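Reviewing the structure listed below.
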């Protein structure tokens, strides 16, 4: 298929809700952003839950459930992709460095998997390693990732193997070699995060050249690299991702809505002579599970 | 200067002492390995301290002091490079994931800096980020690294900026941009570690192409990639590192001594038409401090 | 300047006039195609002359003069770029291999330069080497190129250094080192020609990475790679070229007009968040000569 | 097989005989250089014939025959690789540019093939395109190359597909796709020639990455890049070539004999932990023909 899967990452878990009023917070807002993105052309809506009070990250299954239910009950078709990144934020305490200090939010593999396992979306992310992430560390030890991969595998949900740097790509291939990823693997190159791999076409090419032969891939760049990386990924044969999780701006100084970023990506793809994949085409192309949760189709 | 700086990393902190009897453990053994490596042609001896009882990592300043004193008091000239990696090993506990479990060994920036600050070697390493390292996480948050960089800067010791993956290289450049690294920076690309950047010539070229213009660099590959990466680094204009910290074998199934690995590297360099830099040439070339500790020369 | 120079190569000299009725042949048609392309957004019109009777290549100064006069006399502003490729087609005879056989069309450097020297456009091309070109050889010995470069230099016309393969890029840099190219050099990577360099982003990146620091560059791909290479060049910071010289199709099976290909490129650039450079902006940016011929401004 | 095929290109056809007295000229000298190279460790001897009077290129079958006979009759085993580059030198005349002037030496495909077809060595070269070569053009049109490839194919000699630039590599793959190359193809990347592809590891990697899956490859660099390119090729998994055809010097200002360059390459390979392939191993590995000419074994 010569079409491009377009993911809208509508909210993320970052400290962005105070910066832009367009970042959806409440489950209803997040579902509406997903639906609006789908109407604007997105194939996939990638969601995190947030605490409606604080705007910060939420691990509450009820928040996830409301988001998913609202999207499924709408008349707009879109593939739901739930994060399984969960609680992986760690900042060691200067006083007792073997324990997390302020800003730490750590969950076990089983806890991180909970919204995926409970709600059975068609896709989920799986972050394939640890890395400095600003002044925080995103922590995911290899054995915990093996455990999560097994849980995802048992659930029939299609994992998107997120790689923040080249070593994560190596470990993602290790998971595949260990038989923990079913079907043709899907990778997501997360580019430009401080301090992961750079957001440029040489980095993307380097990573793409190291994929298994049967792999599909996507890439996103953060901030002002969102559209350029989307365009370059599409032209290198990859899928693309945009949305407020990765970038708050439509243009310099102008805050974007998710559906506006999706529209811009659609225009970009058309301008480059490409078409967006529909949810139904993606289901067939990647062999996704039953979109309505429940038993695997 | 068209010569190649050759580092012998004689012991490291890994779980290798039970695998090979040649891995030096006691301060005297480590000093002797450094001296033998220098006699075999090494420009620099990179040392960690180990607990003479267990063979495991030691943070004891006395162990470091004995190693350094013995090398300085010998008649063999060699540049001493002390690790400042210190305690950065973290494995979250499944029971209380915000705290380290078995295998965790965490120190603060000041603690990690102690052997460098006390003993004032000519060089030290500085690991520029966090990453999965086997099933452990090597943890070094960015603010802690800034703190360590300042301590190193104040000491006049030349830091070797270790990059386990491409994001570490980005952060090393950030430290430079923030004015925390004096003089022409020296980088060390640490290749092949699970789960950091791959040990191959394309990865090395990618990283080399992203260095600041005034940077010097070195690279090493672990295991059987030790000699190939040394050869390729030298031919791309970089410095090289060998030794038991990174590789235990002389050839398949044959355990090596440090000085044998150094000899092999010297033979390789000569075969490729290159010469090894002497400690004195390195001092002039890189502007290193007083080799005998004490006040900065 | 963060804008993209867009060249329309409206006709070329290839054997295309029988394939598509949209390839302009008569001087009037070529001028009209240039003007229509400019109206559609092109910054530069790159022209060859053709024999109005046969559709084949013409070296007649009168044909070039009519094309240039018609464009200059129109009310549409566009930078004129005349080929200086001239007669460089050679096919050795099987009977007497040291002489050209059927299909051979060879001119001296002075003859190749004639339309540029006489008509003094703002820009011209300069093909920086020899290569197989289908079953023909495009022949331009290095001393002849030096001679042509001197003639172009004396004329004040800005040469676009065309590179069909990586060795041409090396020789173009040699011309610069020999002082034969004035000002900041402009390169054109001609990609996908059988049998020159491949039309893909890795090849373009390879070539771009080898440019002198003060160089500007553009790239085009032939056939179906026209739009992808234009998009990728623009995103890598280069200029772009489209038009019937390089590609006859708007989409599969649908023949294009030049202005349609220009429109498509403009849409692509806008979709990727970029703007097209006006002729006036290009003049200022690149220090071009008097657009009306005559004495250098 | 994890061994490296080492070719000695003992004389070539370049204007080098006046520069170094070590360049062999007479058939006896060329055969002796090949034998000495084999004794020094070369797997393959690549030969051109020269005119014993002038030192310039010779197309005389008798010269080739004497070289080959002397090597075959010696007690030293070596694979013979005869050039099929033949007469491909062209410099257009300024007076009548469609004909070759001074320095031109052109042969038809059949003439170029004659020494290969007559003497049936185990290997021959096949230059896969045209390019500027100093101020001369090396001329080989695509249809002539197809014709030569068919002659080589019929002879059972293994062609080494020489690529002076990236477009030659594209055409070599075209020959393979057209069924004109039997067995697993062997490529030779000829790097650093003015004006072909650059002699550096990035260029070599670029070319290597574009080979067919079943291809073997070798590379050489000219002049002072001879040893570095040999080392880098070997470390990237390729074969290597040294000798006076490509480089006259042992070290700065010191002229080399062929066997000295071979010795240096052997030392380099051993230093890098590699072994040289014997002629017999190469025969088995690449499926070469009967080494004694005559009917294909």
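First chain written, first letter: the chains are A, B, C and D, and each begins at residue 1.
Operating definition for what follows: contacts are C-beta pairs under 8 Å (C-beta built on N, C-alpha and C of every residue); 3 or more make two chains touch, one makes a residue touch a chain.
This is a predicted model, so every value here is computed, not measured.
A.B. asks: Figure out the least number of contact steps between chain B and chain D, where 1 means they touch directly.
C.D. replies: Graph distance in the chain contact network comes out at 1.
A.B. asks: Going only through chains that touch each other, what is the minimum step count from chain A to chain D?
C.D. replies: 2
A.B. asks: Hey, which chain ends up farthest from chain C, C-alpha centres compared?
C.D. replies: Following the centroid criterion, the farthest chain would be B.
A.B. asks: Note whether the interface between chain C and chain D is symmetric in residue numbering, meaning over half of all numbers used appear on both sides, and answer same or different.
C.D. replies: same
A.B. asks: Report the inter-centroid distance (CA atoms only) between chain A and chain C in whole Å.
C.D. replies: Comparing mean C-alpha positions, chain C is 44 Å from chain A.
A.B. asks: For chain B versus chain C, what separation do you get between their C-alpha means, in angstrom?
C.D. replies: Distance between chain centres, rounded to whole Å: 53 Å.
A.B. asks: With centres defined as the mean C-alpha position, give me the chain A-chain B separation in Å.
C.D. replies: Their C-alpha centroids are separated by 36 Å.
A.B. asks: Touching two or more other chains, which residues of chain B qualify?
C.D. replies: 202
A.B. asks: Which label fits the chain touch graph of this model best, line, ring, star, complete or other?
C.D. replies: ring
A.B. asks: Which chains touch, pair by pair?
C.D. replies: The complete list of chain pairs in contact reads A-B, A-C, B-D, C-D.
A.B. asks: With touch defined as at the start, can you tell me which chain A residues reach chain B in the complex?
C.D. replies: Contacts found on chain A: 87, 90-92, 94, 97-100, 104-108, 129-132, 134-137, 139-144, 164-168, 170-171, 174, 193-198, 202-203, 206, 210.
A.B. asks: In their complex, what parts of chain B are in touch with chain D?
C.D. replies: Chain B residues touching chain D: 201-202, 205, 227-228, 231-232, 235-236, 264, 267-273.
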